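First chain written, first letter: the chains are A, B, C and D, and each begins at residue 1.
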Amino acid sequence: MADVITYREAVAEGLAREMRRDPSVVCLGEDIGAAEGVFKTTVGLFKEFGPERVWDTPISEQAIVGAAMGAAMTGLRPVAEIMFSDFLACCWDYLANEIPKVRYMTGGQVTVPLVVRTANGGGLGFGAQHSQAVENWALAVPGLKIAAPSTPADVVGLLAAAVRSDDPVLFFEHKGLFASRGPAAPPDHLVPLGEATVARPGTDLTVVALASTVPVALAAAEALARDGIFAEVVDLRCLIPLDIRTVLESVGRTSRLLIVEENPYQGGWGGTVASLVADEGFELLDAPIRRVAAACVPLPFADPLEQRVMPTVDKVTAAVRGLAAY
Amino acid sequence: MSAELLDLYERMAVIRGTEKAAHDLFMAGLVKGTTHLAAGHEAVAVGASAALRPDDYVFATYRGHHHAIARGATPEECLAELMSRDTGVCRGKGGSMHLTKASASMLGSYAIVGAHLPMAAGAAWSAKLRGTGQVAVAFFGDGATNIGAFHEALNLAAVWRLPAVFVCENNLYMEYTPIGTVTAVPNPAADRAPAYGLPAEVIDGNDVLVVRDAVARAAQRARGGGGPTVIEARTYRHYGHSRTDPARYRPEGEVAEWLARDPLLVARKAVGDGAAVDAADRRAQATVRRAVEAARAAPPADPAQALTDVWADGGAAWRT
Amino acid sequence: MADVITYREAVAEGLAREMRRDPSVVCLGEDIGAAEGVFKTTVGLFKEFGPERVWDTPISEQAIVGAAMGAAMTGLRPVAEIMFSDFLACCWDYLANEIPKVRYMTGGQVTVPLVVRTANGGGLGFGAQHSQAVENWALAVPGLKIAAPSTPADVVGLLAAAVRSDDPVLFFEHKGLFASRGPAAPPDHLVPLGEATVARPGTDLTVVALASTVPVALAAAEALARDGIFAEVVDLRCLIPLDIRTVLESVGRTSRLLIVEENPYQGGWGGTVASLVADEGFELLDAPIRRVAAACVPLPFADPLEQRVMPTVDKVTAAVRGLAAY
Amino acid sequence: MSAELLDLYERMAVIRGTEKAAHDLFMAGLVKGTTHLAAGHEAVAVGASAALRPDDYVFATYRGHHHAIARGATPEECLAELMSRDTGVCRGKGGSMHLTKASASMLGSYAIVGAHLPMAAGAAWSAKLRGTGQVAVAFFGDGATNIGAFHEALNLAAVWRLPAVFVCENNLYMEYTPIGTVTAVPNPAADRAPAYGLPAEVIDGNDVLVVRDAVARAAQRARGGGGPTVIEARTYRHYGHSRTDPARYRPEGEVAEWLARDPLLVARKAVGDGAAVDAADRRAQATVRRAVEAARAAPPADPAQALTDVWADGGAAWRT
């Protein structure tokens, strides 16, 4: 394997590793088999594992995720693909009401070890119905684990943890990162669910980011470092379990917190992080908690409009400066 | 006289008695929330169970007491669940709408109409991939045939030729609205089967042997690789939709007609031996009585249970 | 009309008023017509307005809400009922991707003046799939207005505003409040969307609540007043538009904030409120921001378990004491 | 020679030319995001429009350029939209997948498969209640017939006898997967119509007159209170699914066969008068050329527009 791979390749690599390891892992989704995926994230799987392990489905999101659930309850470890995360809305009952609840409401009688993978997020001019960052829908649902990697190695490592997890995991692959590159994952690479990482250490303020906003935050931190402002960037990697300890430790060092989200402010995961810090970290804070989030509008198609709406390096840089000067 | 039929009769009588007890306990304030009694539908559950292997998967609805018990949940653990006891089949976390007995391959009662049909397709897919010869059966109401999940599940199961059986319990009503007023075809399930290239039967859901035989045929077809079957069992509920419903919207004549076709009466007649049936009734009553007593005597649900079982590690932690 | 009515009666009254006023208002939903609604919230409508204005539907949540959308785009003002709010998951595509976006993505060409009413919340032993407080799913979606009244008069007043709104409104009726009573609404009563109200004035701390948690907060405030702790209770009434000004003004007076939500902490609306205050009201605060929310579990059936999970007067009282003593 | 047919030809040629321009502009880096060209499907849009009243409602998909233009959106405003211009039909906020021309009763292009079928039912319901005699038409792909919204919409429209027409553009493929491999019946739309008690026709979707006549019959039935009709128009897309798709999964012979049945060729032959058609082609090319020039010259989309039009008051405020 190459030393450097794309995020897109990492998805296929992560899936292949798990399918080799465990014959009960099966994949299903639209165009994932013979066609190797609309985003080319399942390249090679159909060839290596055949139609008994890689299933092309009709356009039936409820049947895809519902069948994955039934299969997960009966001895398989399905990995279902929902092509764009916006389409989770078409099978939301399964993600909100069925999969995350059945273990609890049966008093622990059944277990649902499945992964739902989906291409999340905007920035590519795909318009309002193919660009959303919808991890917050899932955040409000008890019983789902939520992973959203920002690097190829984390894709592989978190995918391994997700597939091996006996709990259902919603796995957000970011469309805007598919073409990005990074070091390949070492053999048997595993990143436990619920462990954030300090993507860049710093002293002046903490920037909490996720998936697409990690490179944005890192670019801003890089630019600011030239001006002597040193931001620490925390990549959450998962929303559930939420590694708030790492955030609080960082804020303990920096006394200032900025959260960078791709989703709109209202209802965003940053609110959960902010309120935990405003409670448990209140005494650590020397400044208001700020959030750079998307505007509260559907995502527009045209480039200049989309840029106006989404978080950008400039917006993060400005927010960091404001907070550092507070 | 057929010993099997007498046994099926007794099973139905146990279900009937358990639900009667649930109703009485509700009135006595010992059951909270809501219940959806299946009284009148017993032949579907008992007939189907008689045709299935113990390891065949069953998925049912909020109106699922009969399926849980027919598949092996005890009346005691079901009543205990309804009465919020720690010995409840779901430890008090499920309630009437979610009776589940996974150890008997009864994989749950689901309260979102139609949601479990894709799950049954998935269980059938899993059985097929694992080569176990198991069949997955979904029981659902007439009302469920108009929701999208029905369509997606039947198409997927048909295309993948899955060992699934889709059994509609057509009791003529959704909650309070007659199914005929909101459905474009007379037989809401069976008339849709051709849209998926599937065979269908409309059967008398109040005759336990008819149900047994139809499900046996479908299960055999499924196990043989012939794919799914749609069975529409015509039946009737004796009570209202749920405990708050006096069911006044149903014409008196219709109710009387169906009560005369009570599955227990049908089976009693078919057995032929009145004394044997009376004895079965007495055994059933005793079973239910013991169950009620045991459930009443059981400890209440444990509040600490509220924070367990979200995750497979047994806990509920969502943050560090 | 009686001087005091139930919350349940207020729903039917509010609908009837609007249907009398505007012939383009039509209702659709499961069992709402001849049967007058599963929660008896449409009593009298079928009799007064007939089958041309009150439509019984099949169990087809997507068709109900999707048809309401098509009708709203073409001259009607539909009021769709989704029986239990949990079932919004079955038509989530319409609430998340279609209804709130079509105005924006067509550059303002179309308008979708509709209301989706639904029975929300727990506390009645209905179990995991019939008890959720799901307003947070909607909060994360730009383009939906969200109302959640706590009193019969507010039901009537907010329903009037919702039906008259040219924007789509998700209207949460709380199952646990249906039997509660309060003063009837005066004729032509209208409560504008996005105006919170101070349900009980106080000086020591601000308690922000919504729908079912308003009476919980009021009961706690009442009990605490006997001990000389005076909590101000703010009833948000709407989540979008969010009247954060009223919250900030109250915190300006009290310096302390407690938020009481029925939903779990993660992903809850309290996070949005908390983070706004932790930013814009940072200097007003003399204590951490606290939230009393449900445990992060599906709602259990059994009473003692459900009580353990949900916010209660005792939990609020304890939290207020803790915060007041900070 | 029929003047009407020549006119229909020219309309198709304008659509073809506009999409060709869109393709070229994409290659030149002037169109961002994605496009789903309908080249090959023109007869469906133009034939249907010829059969409809100007105030009949149309709902289309992300593959909707042909419907937008057939219903009255100008090539210029469509290309301007694709090119992120302020003069775009949606002011740059929609893009290729969401072309909408509400003033021409073209109520939108929707990018979630199947989502617009219930909307069309709702528009038909509204027309019926308001007594306007309008019809609502939903155009959708073969792949859309397997999603739940299809099922719910057709049942509701049938039960309420709504003036709706459901037109499936069966181009044999979803994105890259042949529809036949994931659908349980050979005609994915028409074979489902009986499940809703609806009449259906499978027609040649590449013959503009055939489409016009079928839609005219269906619209007449709808206006007369006869309820919905399902039309399955067999057609083919000339390009891949979207701009990134070279469509190698399609057998060469199949492609050649369908290209020979290009709707423009079919219409050209039917017109009979080669010179007249050539003249129409030249007019169409001129129309497209002017549109491209105008769109290129138009000002870019205005970033300030990003924060308008969420609410009916024109704004986007969500808090005080």
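Throughout what follows, contacts are C-beta pairs under 8 Å (C-beta built on N, C-alpha and C of every residue); 3 or more make two chains touch, one makes a residue touch a chain.
Computed from a predicted model, the values in this text were never measured in an experiment.
Chemist: Average the CA atoms of each chain to get its centre, and name the chain whose centre is farthest from that of chain C.
Modeler: D
Chemist: With chain centres taken as the means of their Cα atoms, state the distance from chain B to chain D in Å.
Modeler: Chain centres of chain B and chain D, defined by C-alpha means, are spaced 45 Å apart.
Chemist: Counting in whole Å, what is the centre-to-centre distance of chain A and chain D, each centre being its mean C-alpha position?
Modeler: The mean C-alpha positions of chain A and chain D differ by 35 Å.
Chemist: Could you put a whole-Å number on the gap between the CA centroids of chain A and chain C?
Modeler: Centre separation, chain A to chain C: 30 Å.
Chemist: Rounded to the nearest whole Å, what is the centre-to-centre distance of chain C and chain D, using the mean of the C-alpha atoms as each centre?
Modeler: Measuring from centre to centre gives 39 Å for this pair.
Chemist: Give me the residues of chain D that touch two or more other chains.
Modeler: If we look for residues of chain D contacting two or more partner chains, we find 88, 90, 92-94, 98, 110, 112, 146-149, 152, 155, 159, 181-183, 305, 310, 316, 318-319.
Chemist: Taking each residue of chain C in turn, which ones touch at least two of the other chains?
Modeler: 57-58, 60-62, 86-87, 89-90, 93, 97, 104-105, 127-129, 142-143, 240, 242, 266, 295-298, 300-301
Chemist: By the document's touch definition, which label belongs to this structure's chain graph: line, ring, star, complete, or other?
Modeler: complete
Chemist: Quick one: in the complex, what on chain A touches chain C?
Modeler: 86-87, 89-90, 92-93, 95-97, 100-101, 104-105, 127-129, 134, 136-137, 139-143, 239-240, 242, 259, 263-272, 274-275, 277-280, 282-283, 285, 287-291, 295-298, 300-301
Chemist: Which positions of chain B touch chain D when the two form their complex?
Modeler: 146-152, 154-155, 158-159, 181-185, 191-192, 194-198
Chemist: Can you list the residues on chain C that touch chain D in the complex?
Modeler: Contact set of chain C toward chain D: 26, 52, 55, 57-58, 60-63, 65-76, 78, 93-94, 97-98, 102-111, 113, 142-143, 165-167, 194, 240-246, 276.
Chemist: Within their complex, state which residues of chain A touch chain D.
Modeler: Touching chain D: residues 30-31, 33-35, 38, 56-62, 86-87, 89-90, 124-130, 266, 295-298, 300-309 of chain A.
Chemist: What part of chain D is in contact with chain C in the complex they form?
Modeler: Against chain C, chain D makes touches at 57, 59, 88-94, 98, 100-103, 107-108, 110, 112, 115-127, 129-130, 136, 148-149, 152-153, 155-156, 159-160, 305, 308-314, 316-320.
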